[in-house]
Every structure is written in C-alpha cells, then in structure tokens.
Amino acid sequence: MFEWKLALEAIGMVIYATFMGFIFMGIERKAMARIQRRVGPPIYQPIIDTLKLLGKKESVSHGFIYDFGPVFALGASIAALLFIPLANFQLFSSNADLIVVAYLLEVPMLGIMLGAMSSGNPYSAVGVQRGLLTMVAMQLPYGLALIAIAQYWGTFKLNSIVALQQLHGWSITVPALLLAFIVFDIVFQAMLGLEPFDIITAPAEISMGPMVEYGGKHAALLFTQHAVQLFAETAFFAVLFLGGASNLLELLIKQIAVLFIAIFIASIYPRFTIDQAAKFFWKWPTILGIIAVILAGW
Amino acid sequence: MAVTDNEVKNKVESTQKAPQDTQNAKPELPNTKEGRLVKELLEKAPYAEGSVRREKRIEFRVPAERIHEFLEIASEKFEMLMQISVVDWLKEGEFELVYQLWSVSESVHAFVKTRISRENAKMPTVMDIWPVAETYEREAHEFFGIIFEGNPRLGPFILEPREYEKHPLRKDFNTLSYVKTIYGEDFDRYDESKTNYVI
Amino acid sequence: MSLEVPRELREEARKHDMYLTPIAKDTYELFFGPQHMATENFSIILKMDGNRVEKAIVNPGFLHRGFEKLAEQRPYFTNIALLLRICVPESDVPENIYSMAVDEIVGWEVPERAIWIRTVVLEMARVSSWMFWIMGFGNEIGLYTAGQWAAAYRERLMRLFEELTGGRVYHIYTVPGGVRRDIPGDKWLRQLRDTVEYIKSKLKDFDEILFDNYITFERTEGVGVMDKRFALKHAVTGPNLRAVGVPYDVRKDDPYYLYPELDFEVPVLKEGDSLARVLVRRYELEQDLYILEQLLDMGPPSGPYMVQDPKLKNLPRFKVPAGDAYAHVESTKGDFGAYVVSDGSHKPYRVHVRGPSQSHGVTVLEELLKGARLADVPVILKTLDNCPPDIDR
Amino acid sequence: MTMPARVVGEEKVKLKKSFVKPWIGIKYLFKKPVTIKIPFEKIEPAPKYRGFHTLDWKKCVGCNFCGQICPARAIEMTWLEVEGKMEKRPHPKIDYGRCTFCQFCVDVCPTGALGFTESYILTTDGTEDALELFNWVPIHPDKVRELNEAYGDYRFPVVRIEKLGDGTYRYHLRNGEVFEFKILGYGIRPPKKPTPAKPATEATANKETTKPAEKKESKPAEKKE
Amino acid sequence: MGGDFISYELKEFKLFEPLFRWARKKSIWLVAFCTGCGGIEMPPLVTARYDIERFGMMPNPAPRMADLFLITGYVTPKTLKRIIITYELMPDPKYILAHGSCPINGGVYWDSYNVVKQLDKYIPIDVAIAGCMPRPEAVMDGIREIMRKIENGEADGWRRYRENYEWYRKNQDELFGEGWRERDAKRWLAWL
C-alpha cells in the first residue's frame, strides 16, 4: 500500500529543505557582506540566481556523464537528507544511519567530480584533483569524530543519539565530544567548501574549479544541490552535537547557529593550499579526534 | 641642466671609434663622486667618452662594436640595467641605443649611448651580463627591429605578428595611415591639415 | 619524457615537504589569464606537471596601446593626458616622471608650492596604491574581508584626489612646470589629515586580520624566493628589492621633490620570499602615512603653483629645447623612470617609460614560477606586484 | 643626501603570526556598513569635477586652440547656423567617444568660452540614434547649470539629438525644450556656400562624418531581413 | 538535461518569461575580465563602497555562468580575440556594457595602431556609457539602464549577434585574418 501521507511529507520536507538551504546560502552571503562592511545581497538572492540560471540557454554539453554528474549529486544529497531525523520526521531509518548519512554526504562531491572530469577543462581537472585530495584528507578526522560520537552514545542510530542527548544533555557538554565537535567543525568547513578550505573552487587560482564549465541549467542544478547539501549538513551537525530538535523551528535555530560559526571562520581566514590543507587535517584535527575517541571510550 | 643642442645632434663623431676624441670630456671632470667614477671607468675603457651631466647623472658614449666590452666593465660598478632605450634618428639614419644603468652602491645613473646604422641593425646581447636585458631587448627588437645577437627569444612579444612585422615605433611607421588600412577609414572624420591640428 | 625530476625542483619540493613522484609525468598546458581573477589582463602560459609549474611563459601585450609612439605625435603638455595611463592604479607616477624629465630639459625651477603639492600627490597615490594592493592580495589568498575594507578606505583618498585634481582615477594634474590647479583650500588639508588619521587607525585591523594571520604566513613563507644577486641582475626594484636586503629607494638614493627634508625609514628584510615582500609593503604603507603627516605639518608654501613662463602662452605649440633627460620616482611597484628626448620641436622626439614590472614581471616571474605550486602562482604574482600596463604600455 | 636611520631594523618590520587575532575582525558584523546605497543615497561629485563641456557661443572666437591641444582630437570646429543666421566663428564640436575629460581645452581657451560642469552621466543604449548624443556642440553653461539644479543627478543635459536630413540638429533638452541649429560645415575656414548642398571644400570632411552612420545603419538592417 | 526543457524561446513557456526576466534583472553576474584601464573601477564597484552585490551582481570567474560583460575601456586586437571567445562561451541571454569613450570611437587612442575603434563592429553592445574613465556611479547608472532593458526585453545584443553572425564574423576575420579561430583560439578555446 502506498503511503500518501508519508510521500507528501517527504516531498514537503525536500521542498522545505531546498528553500531553507537557499535561505542559508543567502544568510551566508549577507553575513559575510556585513563583516566586510557592506550591505550585501538580499537574503533570497540565491533563489533568484537559480531561477536565472534555469532560464538560461545552454547549447554545450560534454556528454552523458557531464549531465549525469549534477543529477547524481542532487540525488545523493536528497537521500542523505531523508535519513536525517529532522524534528519528528525521518523517512528512512536503519540501524546504522549515522554511517549511511556520513557516507551519503560525501557522495555529492563525487557526483560533481564525475561531471567536471568529463568537461575536459584543465581547471576542472585541477579542481577535481583538489577535491578528491581534500576528501581523502578530511576522511580521517571526520571518521574519528563520528567514532567518538558513536562510542560515547553507544549507538549508530541517529534517532537514538537524539533521544539520548535529550536525556543526558547535548553532546558538546561532554568534554570528549567537545573535542569531537571542534574536529567536526573544522571538517564541516571543508564540506561546505568555505575558507580556509575552499581549495576546490578557489576563484583566484583555478576560477571555480569543477564548476568552471557548468553554466545554465547544470549550474542551477548544482546550486540546488548545494542548498540541499547545506541544509542536510547543518541538520546533521545539529543532530549530532546540539541535541537534535523536537520541532523545525528549534532545528532551524540550531542550524543557523552552526552556519554562523562557519561564516565567521570563512570570513577571517584565507585559503590554504591543498598540501597544507591535507597536512593540517592529518595533524591537529586528527590528534584531537584520537584524543576524543580515547576519552569517549574511557 | 640639460645638454645642449650640439651634444645631441652631433652624434656622428661619437661613432667613430677615436678613443681620445678631443672636444669632450677629460679636463672638465669635476672632483665629485660622479667625476671620479667616470675617470675610473675611462681608465679601464679608453675608447669611450665620458662626461658628468649633473649630480647623479653621468654619460658615456661608446662605439657600437665595443659596447659589450664596456658594459661588462661597467657592470662592476653599475649593478642594475634599468632600461635599454632606443631612439630612432631618422635623418641621420641611425638608431641610438641608450643603456640606462644604475649603481646601487654609488647611487649614480649612467647613460651609455651608442649608435648603430638603421639598416640591418645588429647588436650583441647583454643578457650574459644582466639577464633582465632579455626583456628589454625583446622589446627593442619588437618595436624597432634591432637584432640582438645571442638573445634566443626575439620575436612577437607584446605585439601580435602583424604589427610586429611593422616595428611600429620606428619613425617611418605612419600610425594614422596604418590605422586606416586596418580599422577602416570611417573612424577619422577630421581634416588632416597640419596647420589646423598639431597632432 | 624523462623520469628524472630536476634537482632544483626537488629542492624546492623538499622545502615544502612535498616530493614529486617521478612516475606518470602528466604535463598539461594551463592558460592562466587573461580571463582570470588573479591576473589583470595578463596571461601566463603554465606548463604544469601535476600540481607544479614546470615552465611558465609570460604572454603580455593585452594592454599595449603604443603610448611611446602616440606621445611622439602629441604636444608636450597633452602627453600628460596620455602617459598617465601607463600605470593605472598609481597614475600620478607617470605624470610626475614625465614632468620631471621635461622640467629638466627646459631647465625650469618648479615653484615650491608645486613641489609640495606634487610630493603630497605622489604620497597619496602611494597610499591608495597600497590599499589597492592589499585588496588584490587579500582576494588572491582568499581573504576577501580585508580586501573589501581596503577598497572602501581607498575611496576616501579617491575623494580627496577628486577634489584636488578633478578626476577620480586619471588625475591629469601634474604638468611640466608645476601643477594644473591650486589646493582647493584649508578644508582639503584638514580632510587629508583626517583621512590619514583614519587609515592609520584602520591599519591595526589589517594587521590583525591579514598580516598577522596564521594562514597568510603559511601561504607566503618560503614562496617565490629570490636572492640578492638574482634580484640585482634582474633589476628588480622597489619593495621586491628591499625584501632581499638591498636598501635601495629612489626617494633616498636619488632624492627628488621634498624627500630630502622628510624623515622616513626604509624597511629591509633579507629573506626575499613572498612574506618578506608582504611585510616590507606593509611597513612602507605606515611610513607613507607618516610622510603625509610630516608634509601636512610642513604646510604648503605660498607662491605660484605653476612656472611663470611667457612661452606657455601658446600651449599647443610650446617648444622644448633639444636635449634628453631621465627622471625616476619610487612608486609602489618599484623604480619608475622616463627617458625623454627632445629635438627642439613642440612634440617630444622620444618618450621611453621604464615600468618596474618590465623587469620583475617577465623574466623574474618566469623564474620564480618555476617549480611553484599552482596555488602559489597568484601569490607570487601579487607579491611581486605585477602591473601589466607597465609591461605593455 | 643620505639620512641617518635610513634602514629600519628587521624586528620592526616583522610580525608574529597568530591564530586568534583574526577573530577580532568579526566585530564589523555589528557595525554600520560603509556602503553608499546609490539609488537611495547620492554622492555629489567634487566641485570642479571634470565632466561634460559647456560653451558660451557668444564668447567663442573659433580660434581652434582647443582642437589643437586635444590629445584625442575629439574637437572639431563646426560652422553653425542658428535660426537662419550663420555664426561668425566656428564652434567646437566635441565627441565623447574620444574625449578623455582632461579639460586641457578649457585651460587653453583664451576667452573662457569653453567650460565644464560636474555632470558626468551619459548612459545610452548602443544604437546609432543614441550615439548621436556622444557628438555634440556644447550648450550654454547657464542652461546646463539650470538643468543640473532642476534635476540634481548630474546627467547629460540633452536627452536626444535628432538629426534631420539637411544637417539640422535638434537638441531635446531634459526639460523638454528644443534647441535647433544647422551644421554648415567643418574646419577652420568657413564653408564656401552655406547652403544645404555639400560645400566643395569640405566634401571630404562631410563625407566622413556621415559615413559611419550609414554604414552602421545598413548592417543590422540587411542582416535582419 | 541537455535539451531546452525550459527554453525562454519556446512558445509554450512564454508564461515563465516575465519571471525569468525578473530573475535575470535581479541577478546579473559579471565576467571577471578587466579588458582595459576601466578595470581599475571594477574593484570599487564590487567592494564595500559601492557594493553592487546589493543588486545581486557579482563577478564570476567562469564565463559559462556569467551574464554581463563589462568592456572596461579600450580593446586591443589581442584582447578582442579573447573577448570574442569569452563572449561566445557565455550562455545565451548575455549583455555587454561598453564602458568609457574608447569602445565607442577609439577614445584617446584614436590613432593608435593597436586599439580597436568602434567595438560594435565586432560584438554587439547593449549599453554604452561615456566617461574616461566613468565614475562608479556612472557605471551603476549604466547597469540600471541594462536592468531596465532586460526587464523590457530590449537587451537583445545576444540575439543580434546570433542573427547577424556572418556580418560580425566577417568583420572579425577582416581584422584578425581568416582562420584566426583555428590558428590562435584553438589553443585556449577549451579553457579560456
């Protein structure tokens, strides 16, 4: 039997997530503009941008994979979103959805890489190389942070993690998980592609990297994907460390809090080079992550 | 103060490589930093003529065939080659090359002037003394068509091949007529009488 | 296709703790510019080997307008409106060198007031150019915040320029024999002092966010290293030369205008890497603000702002005696010089401008880029402060 | 000439790197932006900003000093006929497709006829009719000043220049006034015959004036068909 | 994906046209290509003082996503090649704002052998503004004009380029010589 209610709910959630994701992007641009002492664009600007990109004509395609990449990325982002408990809503659930979400949040990057690689632009190729290396580099601290979480709460189920946090207090109140929080926050910066880890799309170096060949509707799709991804990642962050949420408003507040940390870091630090970033990831966040894991397992 | 007319105009003598040319130089070297510097260099290179123009500006005239030798000697005192300026003296049929040197240790600027014939202009490169001369020579080659023997990168540098072939900074290159052939006549709507317009 | 990595490349790699794998040498060509954020209409063709630049070929000429030819076809005064376009961010410098050279040929004693104004204008141009450089550097390394601030603060100087000269970017202000307009009044001087104070107070912000920043250090330390001999042989001037330990500053070594009477220091570092260049520039900005303060304390001398010469009655056909002269000033990019030859007519016989980027923007850049990482390319470009119109003219 | 303490010590130039200090920069999040919100706020250009030209036709003696000094040769002396009466002297016609706004022409003007205002905005679409605006004989300074005071947005005082067949130009000023004159010819010397027929001496100049217009008009038209 | 599933030209989607026009007007991305000396006024324009991001405009490093090309001043033939290629890379509703005197009639470089006079022979211009160089306010006025034209659907430079392609192509070939695309542009076409 097809569950109409659930399907509607899922669609509604995706739409809500996309919309809020766009607004988050707007907040990001606006807040950065304010730190830069200017007014900045209106908060709904990313929606207009996407709309405009949708209305553009595109005559160039670099083959099937090029078209498939953004779709693949968007699909993965939406899938990840549906695994995350957003307030009372969680479409899919499994025994180890922590790992599933963590994995699915990585996939979009691969999708973009896939498409970018087939565009044949050397800047894209360099961007892809950088993206893959960043991914490899951040896996280690990322994994360690997740292990610390799982170890402390003793479960891989996001639902249970939220429930346990509601009972025993948020994750960041635990010293071990505070370290994991810091580690995760650094990784988070790279996942969002913000400074100091916006190495993939470094405009002054490789002019947008993987996105250099994407324009028009492809770019609109990538924008949408980025919005969903932003929403999913902030939600994931909030669920893991800020005690989840019982309603969407609470979740929203937590997500925005998370976002602002990212914005602050992004607006005051320049960009690392790729080798420095890799070295950095394998140094401080890894050490902190290991300490967190050890403390959590104590 | 500036140099006088005849100094610039009567350049023909300087190309004759008579080392002890009489009219200029020696006795009037003042006993300053600059004067001593000129004296010192002239002792090593007697074929050149030297004079002090003003404070911190000295001037040498060197025959073209010994320019490399002279600059090699000069490079001990003058660490930097600031520029190679080419002046196209159309009437005399000569290019004047001015090597602008700067001495960091002495804070003196030196003009080393030499003249070569306009036709088939060739010079030895000074890349081995100052590697930066590569750029200057490429530029001089491009704009004037002087060939610097030994510079491997002569060719279109700033200009595109079509303009490069014309060597546009030569005095006999007429910009306006060239522009008309390339970009069409319709851009210039004005009369070209020299009495009405200075330009 | 050799499997051997060149020795200097290996050394460079060791310096950055990054060894190049000798296998699978995938070289490709990367066209860096002109449609690129880091290069302002300037192109570098990079032969890349993975993440490393194997060979760089500078391809200038996108901005070539043939100024030197055009200047031969225009009367002396008019050339000011043309030659200042050689250095766009600091357009007063070409004006001044040309005017100085013509002054020398004619033998004019420029009035004191004009000298004072010219000095102030040059220093203001330097400060605004530094602000512009901070912006560019910030954008290059990805710190947009500092760049935005710097560009905003620069607007104050632009406003002052506008009031003094009547133009925002192209001032067309310094002419042979003096300047074109008088100072608008004491209000302008007060505003200038306020602006100097304002920028001075904001320097701390830039220090905090940009120059003290951990990642700025990471990005610039040990990148694009020059040594002293190399720099001198390549005629590198300005802050780039001072960053390798040579205290050469035209304002000290060949003083012009009021600089002999002013008290300022020349920062010198020995490292010769990008970081040294950045720090030297930062200190010079401080010094320039200090110089402006001194000039304001001195106050403009009274008198005319233009040479009184009956020959100036017929400006279009104003003739200059035959002769030649070389004048140079210290710009933010380096030693900016002009060689003017006159044959006694109303147009210069030859004007040759020496842009500092000519020496550090071609061969030096090519050398420094060899073995640099791709991410270092904009950093090297910007710390050398390469200005494409200098090269192209 | 060298002064004491000319080289500053390294310790003064060098800085210490820091992870924490950049965080101070966030304080600007809560401060007022420095942006000038242009459509709502206005920036006045500085007094004596070098903008568009003005010309007092009464004062102009047609000496062509302005044309001689102009680095862009944007100035062209024009013989005009206002209300059926030919002006005694040629007047400069200025091409803003050439002008560099150096105002050397204003400096050399012996009678002070040529002047400039602070107006600087001239926005057109690139069509041929609109580009007529870029080539005008400046109008009287009082008129420009009056328009500037009325609107205060530093725009070009003329909205549209209508070019009629017989060399008549009609300036539509911003406040709706129309100003009409006829161009008889170009150059220093007066045209031989101030009639609609093309003067023989100025044939080349005249031909060249009209040529770009014809050419451009012909091209998109023929393509669009 | 590759097809025109929402094409502004298709009749059945005329319905969306006002929406897209509004979006295009509100979100104009610039090509980050300083073609001339006016490039010096681009940074003030996009930074804190004038901040055109208020109108949703921002410089974009990739021409594939850009809408507006600011021709900032004079254009040399060497740059014009890149400009043409960049312009052709931009996806279709695309606009050109010619900035300053030089693109209109050669400006102060009217007799220079290396500056293109009358740019609109080679690429279509939507809005031209006077000034040398124009103040940022003047550029913003030009931008407002282009927004107005986009809203009214008058900004049709791209369409003119498409329709008169042979004419433009002929002029370009006259300037650069036949086959310049194959000779020169092929090397950097893919990644310019």
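To keep things simple, chains are lettered A, B, C, D and E as they appear, and every chain counts its residues starting from 1.
Basically, a contact is a pair of C-beta atoms (placed from the backbone, for glycine too) under 8 Å apart; a residue touches a chain by one contact, two chains touch by 3 or more.
In this text the structure is predicted, and so the values were computed from the model without any measurement.
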Chains contacting each of chain A and chain E, listed by label: C, D
Target chain D, source chain C, minimum contact steps: 1
Farthest-lying chain, centroid of Cα atoms versus that of chain B: A
Distance between the centres, which are taken as Cα means, of chain D and chain A, whole angstrom: 52
Distance from the mean Cα position of chain E to that of chain B, given in whole angstrom: 42
Averaged-CA centre spacing for the pair chain E and chain D, given as whole angstrom: 23
Set of chain B residues in contact with two or more other chains: 159-160, 168, 173, 175, 186-188, 198-199
Of all residues in chain E, the ones touching two or more other chains: 32, 47-49, 51, 54, 61, 78, 105-106, 108, 110-114, 118, 132, 135, 191
Sequence positions of chain A contacting 2 or more other chains: 33, 35-40, 122-123, 203-204, 207, 267-269
Touching residues on chain C, where the partner in the complex is chain D: 74-75, 77-82, 145-146, 149, 152, 159, 162-163, 166-167, 170, 172, 180-181, 184, 205, 207-209, 211-214, 216-217, 247, 252-253, 255, 260, 263, 265-270, 279-280, 282-283, 315-317
In the complex, chain B residues that touch chain E: 159-160, 162-163, 166, 168, 173, 175-176, 178-179, 182-184, 186-188, 199
Residues of chain C touching chain B in the complex: 60-61, 64, 66, 68-70, 72-75, 78, 104-107, 232-235, 237, 246, 248, 253-254, 316-317, 321-326, 328, 335, 337, 339, 341, 343-344, 346-347, 349-350, 352, 354, 358-359, 362-364, 391-392
Contacting residues of chain E [partner chain D, same complex]: 48-51, 54, 98, 101, 104-108, 110-111, 118, 120, 124-132, 134-135, 137-138, 140-142, 144-145, 149, 154, 157, 160, 163-164, 166-167
Chain A - residues contacting chain D, complex: 31, 33-40, 264, 267-269
